[in-house]
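Notes for the one structure printed next.
Labels A, B, C, D, E and F are assigned to the chains in the order they are written; within every chain, residues are numbered from 1.
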Amino acid sequence: MRLDGRNDAQLRPVKITRGYIKHAEGSALIEVGNTKVICTASIDDKVPPFKKNSGEGWLTAEYSMLPRATQTRNARDISKLKLNGRTQEIQRLIGRAIRSVINFNILGERVITLDCDVIQADGGTRTASITGAFVATVEACKYLIDNGIITKTPIMDYVAATSVGIVFGHEMLDLCYEEDSRATVDMNVIMAGSGKFIEVQATGEQAPFSRNELDKLLKLSESGILKLIDIQKSALGPLTNYIGGITKDEKVHSSN
Amino acid sequence: MRLDGRNDAQLRPVKITRGYIKHAEGSALIEVGNTKVICTASIDDKVPPFKKNSGEGWLTAEYSMLPRATQTRNARDISKLKLNGRTQEIQRLIGRAIRSVINFNILGERVITLDCDVIQADGGTRTASITGAFVATVEACKYLIDNGIITKTPIMDYVAATSVGIVFGHEMLDLCYEEDSRATVDMNVIMAGSGKFIEVQATGEQAPFSRNELDKLLKLSESGILKLIDIQKSALGPLTNYIGGITKDEKVHSSN
Amino acid sequence: MRLDGRNDAQLRPVKITRGYIKHAEGSALIEVGNTKVICTASIDDKVPPFKKNSGEGWLTAEYSMLPRATQTRNARDISKLKLNGRTQEIQRLIGRAIRSVINFNILGERVITLDCDVIQADGGTRTASITGAFVATVEACKYLIDNGIITKTPIMDYVAATSVGIVFGHEMLDLCYEEDSRATVDMNVIMAGSGKFIEVQATGEQAPFSRNELDKLLKLSESGILKLIDIQKSALGPLTNYIGGITKDEKVHSSN
Amino acid sequence: MRLDGRNDAQLRPVKITRGYIKHAEGSALIEVGNTKVICTASIDDKVPPFKKNSGEGWLTAEYSMLPRATQTRNARDISKLKLNGRTQEIQRLIGRAIRSVINFNILGERVITLDCDVIQADGGTRTASITGAFVATVEACKYLIDNGIITKTPIMDYVAATSVGIVFGHEMLDLCYEEDSRATVDMNVIMAGSGKFIEVQATGEQAPFSRNELDKLLKLSESGILKLIDIQKSALGPLTNYIGGITKDEKVHSSN
Amino acid sequence: MRLDGRNDAQLRPVKITRGYIKHAEGSALIEVGNTKVICTASIDDKVPPFKKNSGEGWLTAEYSMLPRATQTRNARDISKLKLNGRTQEIQRLIGRAIRSVINFNILGERVITLDCDVIQADGGTRTASITGAFVATVEACKYLIDNGIITKTPIMDYVAATSVGIVFGHEMLDLCYEEDSRATVDMNVIMAGSGKFIEVQATGEQAPFSRNELDKLLKLSESGILKLIDIQKSALGPLTNYIGGITKDEKVHSSN
Amino acid sequence: MRLDGRNDAQLRPVKITRGYIKHAEGSALIEVGNTKVICTASIDDKVPPFKKNSGEGWLTAEYSMLPRATQTRNARDISKLKLNGRTQEIQRLIGRAIRSVINFNILGERVITLDCDVIQADGGTRTASITGAFVATVEACKYLIDNGIITKTPIMDYVAATSVGIVFGHEMLDLCYEEDSRATVDMNVIMAGSGKFIEVQATGEQAPFSRNELDKLLKLSESGILKLIDIQKSALGPLTNYIGGITKDEKVHSSN
């Protein structure tokens, strides 16, 4: 049916390798079909000015592609002295997604910086980045607890993401590049383990879409994300203990 | 009920002044409550490389705020040598929104550049920019026809946009800045005159949202956008003749 | 006689609207014929390094044009990553002009930042910016006094500016764009309410000018600036009480 | 009387060394007291877009200081990624000054680029740059004629410049750095060999100035510039033949 | 003996994986101990200006590190708007090294761009980049021949590189990061398959070195590089046929 | 024999003028044939972050060329917003070279910034910069001692540098530009007064070189550098007392 033989509601093969980069506090290589992203989570004590003396931490994300991750070579941002608009949009999205499940009181005044570097691109790099970056974040929080820096996990819930879209009139899950470039409607959905939405972005630049189409796409994305969270759980193994059981409002009782 | 006495499903007062800037081919000042944006549409013959010899035109948008449009002064982008990520995200959004209703075969090999400059900000600047930029675009297309540069309008349908969100647990339409900064869920919706969606962006960084909440917000946005399109029609007056009656696939018959 | 029917010694219609931008401590929209500039004055506590612990404040200015303020669209500075030379020259000029009438001992260790954003240009934008920025500065000083931050006005005198030039062999006051682009000699004059000069810049790139021509131009500018100061007074109304009666050397007696 | 024993109407010792840089088509080292500037004039065939196919040439100038030309070290522009505002102002001034005496029809479609690099600064670097750059320009025009590229000189007249100012209440000619930093009024005057003014820039940031003071300063500058032109003539020797005898409107008769 | 048990003349384990990135014309992952570099070779038809209409091609290299390739996170170049000096030095070195064995007449007017992206760093990243980039270049030349774009290989010889240094008074081969940071003398050697040197860079910032020490280091590097070339041969397998048998001066006989 | 009549082992005429720039703590103009470089050494109290509270100082270098130092004009770095790769490489080299003979304990927590500005280039600008910058550094250390800022010299030994290369099959000393552009092997050697090497950089981009050729070039460079050190001694005169008699490990005994 689809270019690679999948049916419309089927994910590509997904593989998450934890601890891929030895220097980082947390890291993962995520492979979604031919899309491959190295995700690292780095801990730093320097919070941004708006968090100083707040007792709260922060999390930011950066996203980039190697020049030859794509079919034709892209010049590096530095050679143009400009950070690409698409890149900025994606790294803001990754940051918001992971921040939505972090209790920053528990993290305390420190920053987690996520780096998502696409080494090979075949569609869905931003959603793969989110799914992989979550795993790297869990590893980094384990590091903080193992080293006695914090006493309980700041991670409230799972986060994973996928793309869906309308291609040749069909609603499809997890578009590869060839499908994505033919899609009339393109949608990225980020969901928590609770089944609630964290972000929904649907774009119909090629053709506006009806409420009915939107509903079908949302349903399709939901089934995909639940499978992705299962894959995260397998990759995390015993580290699943570092997730959940707290809320946004819960504060640390010890002096931080 | 709300900070400024509106009920949850009520827009702020909206005023669109056409022809606000005399040099531009198209222009409008849009005021949505205290949010004020100058929108201009400029025509240029130089298409980007990927449109050369395609017979098709293009449309891009730029968005900016005057340094003191906001409660505290923001440094200009040039003083930091960096285009703000939020700015990039918004100008990409405006471009996609207006492009979705343009037939680029009819426009021919020329570019419409939209400039949306916020002179005073009180929430909803990106959606006000889209609603106002549409009016400026219609004026610019009238200019092209009046000057014999093209023979029929490339504008297929209306476009307008609004924000909705959940504030203190209530779904509300058209958030002002005070409401926006307290919203747990924030959503921007762009819709065509046909009632179909062009873009839906919902973010629950503060709290994930359920499918039920999403549905309520979509419905609220729909009612608001239909009212905004009525206001566009009043502002356009006889220029409403320059909108519609064509499709994406329709081509020009004359040699361009 | 002139393109718009004025005689050589006549200003264009000038209108100054105080309080044009609600967020700024001081603001004005100045319209000189078709030239329109939004001027805001922002107060900040952070003085530049060379004023730290001096007990003295500072004032700087920024100037910019919206991309479509002009007959053809100009790319934004940020898209070229360079601040235009002409822009730099003008903002330095505006800063010097307004600083010349401020007693920085009385202002104390704080900074007034002036933003002059041209929304429509038709010649004389730098001199209109100075004339309008002065009004915004007075509003900002009123704000400082009303809020008990300083106890008396730091403004020593009025400042206004105009352009003069030689066009088709005639000395003319207040050149519009069409005249300016045909002028062989172009001159900007900034004067204080005392009738003394703050800055005189005369350029004869197209043709050198004699001492006699210089004298005629200076006289013409003087008459124009005195009228502009009258217009400032009308716009300021009761705020004229915030101007004058002090000198550069006068110090504050209270501990600041 | 003055810090270095000069009287108020006296220039510092001035020395102009022609042909200082062997690679350039024209060059000069100008020394005005302790101020030393290397000026080069380079010829290039590539005119800016606005001169293409016009038959006319162009001239631009760049100005810079070595980091340790001054009493304390200044960081290079490139380390800040910003061209200093003062630098831009000065290089625009140098360009206008020399352009005012060039007939660009005779020069034909080529560009003269002047580089004025201050190797030691002691006040008056912009006026020394103009006086020296003129000499380099004459050498470059000789090169064009000697190599048969153009057939007659495009230089219509001499240009030289000096500073004057009011220091401790006295009008003084050719201010050194110590005087300049104490001046209440500061003025740069550029004059042609005809005795007409090319540019007059007077600034009273520290204290506004009267018409009477302006007149005295203009007179003082005039006497200084006439002496500087005599020094240019001595430095040029037989090259004085490459100056004058033509006007702005004179065109070349041969096909260019 | 050494930190990781090696003797002074021993390389770390080296592994080269060809075809690591599917989109690139040539690619390799090289692992030298814990140092890991992704090398890609991209083909483009656009030669730099100085090669236009020369019938000759060109090769350039870019080098970068992922932010968390190192023990502490490094900010991306784009966030500082500056390309790091060390980075520039290294990418110039890689380019020179590989260019030294390419016959650009045979390559014809096209460019090979090498991208060396360090995903994990543990000393010797520049020499690993050269050794890996050579393999990617061979793959890209095979691609050119397989696709009938060129008819014979432009690669004249092998190139590989290693570091040597003096650590605690011992000459050592292939320094890891810990050794490198303790070295008093640090040297990078690039050698061709012929046993001749392409580049020798020895630095004694911590302590000058004698001729005798230099000789010992050169000898040590030679033995290491010969082993690296053997590893390249194993990785290349049948692609070794694409190397050698031509010289710099050999020209293509067909019209290019 | 050579283009300018020298024999293969002969330096060009070298002239070093101390105290060339009056504002700098140390300065020299070095002329090597037609290559001319202004070198200044500036003292500053602000050490880089990695030296704070270390009791140790630092030394950095910057290198630049005037736009018309070369046969054709080069655009300034600032006009491209990028620091040229070659420039970065050279300034890092100069810094390493001079740092290798400074005892930073004795210098104490202050920075010496070297500026090497090439005013005329004819090959060998980087090695001339090093040879000249050393003299400027000695002057600056004399300044520190004369002003009682430090009590003994931090300079351990002499440093000088030259280029050698293989041109038309001959090993030659001190290449001028014409020779350099024809060289198949190009080498820069930096040596201390002790006869030990500080840096050796040999490049065979045009043709790999044998061990035998390397040996001959090293020997040639050695003879040249010893002559350059003699010329430094003559230029320094009594300042030679500020060099030597200490080692890297020697510490200051007084509290700094």
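Note that a contact is a pair of C-beta atoms (placed from the backbone, for glycine too) under 8 Å apart; a residue touches a chain by one contact, two chains touch by 3 or more.
Note that the coordinates shown come from a computational prediction; the quantities given were computed from them, not determined experimentally.
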Distance in touch steps, counted as few as possible, from chain A out to chain D: 3
If a chain touches chain C and chain D alike, it appears here: none
Number of steps on the shortest touching-chain route linking chain C and chain F: 2
Counterpart interface for C-D, drawn from B-C, A-B or A-E and sharing over half of its contact pairs: A-B
Identity of the chain that, by mean CA position, is farthest from chain E: C
Chain at maximum distance from chain F, centres defined as averaged CA atoms: B
Rounded Å distance between chain C and chain E, as computed from the means of their C-alpha atoms: 60
Approximate Å spacing (C-alpha centroids) for the pair chain D, chain F: 34
CA centroid of chain A to CA centroid of chain F, Å: 51
Shared interface positions of chain B, touching two or more other chains: 81-83
Order of the ring members, counted from chain B so that chain C is second: B, C, D, F, E, A
Sites on chain D touched by chain C in the complex: 81-83, 85-86, 88-89, 91-92, 96, 99-100, 191-192, 194, 196-211, 214, 218, 248
Interfacial residue positions of chain B with respect to chain C in the complex: 21-24, 27, 34, 38, 40, 42, 44, 62, 64, 66-71, 73, 76-78, 81-83, 113, 115, 117, 119-121
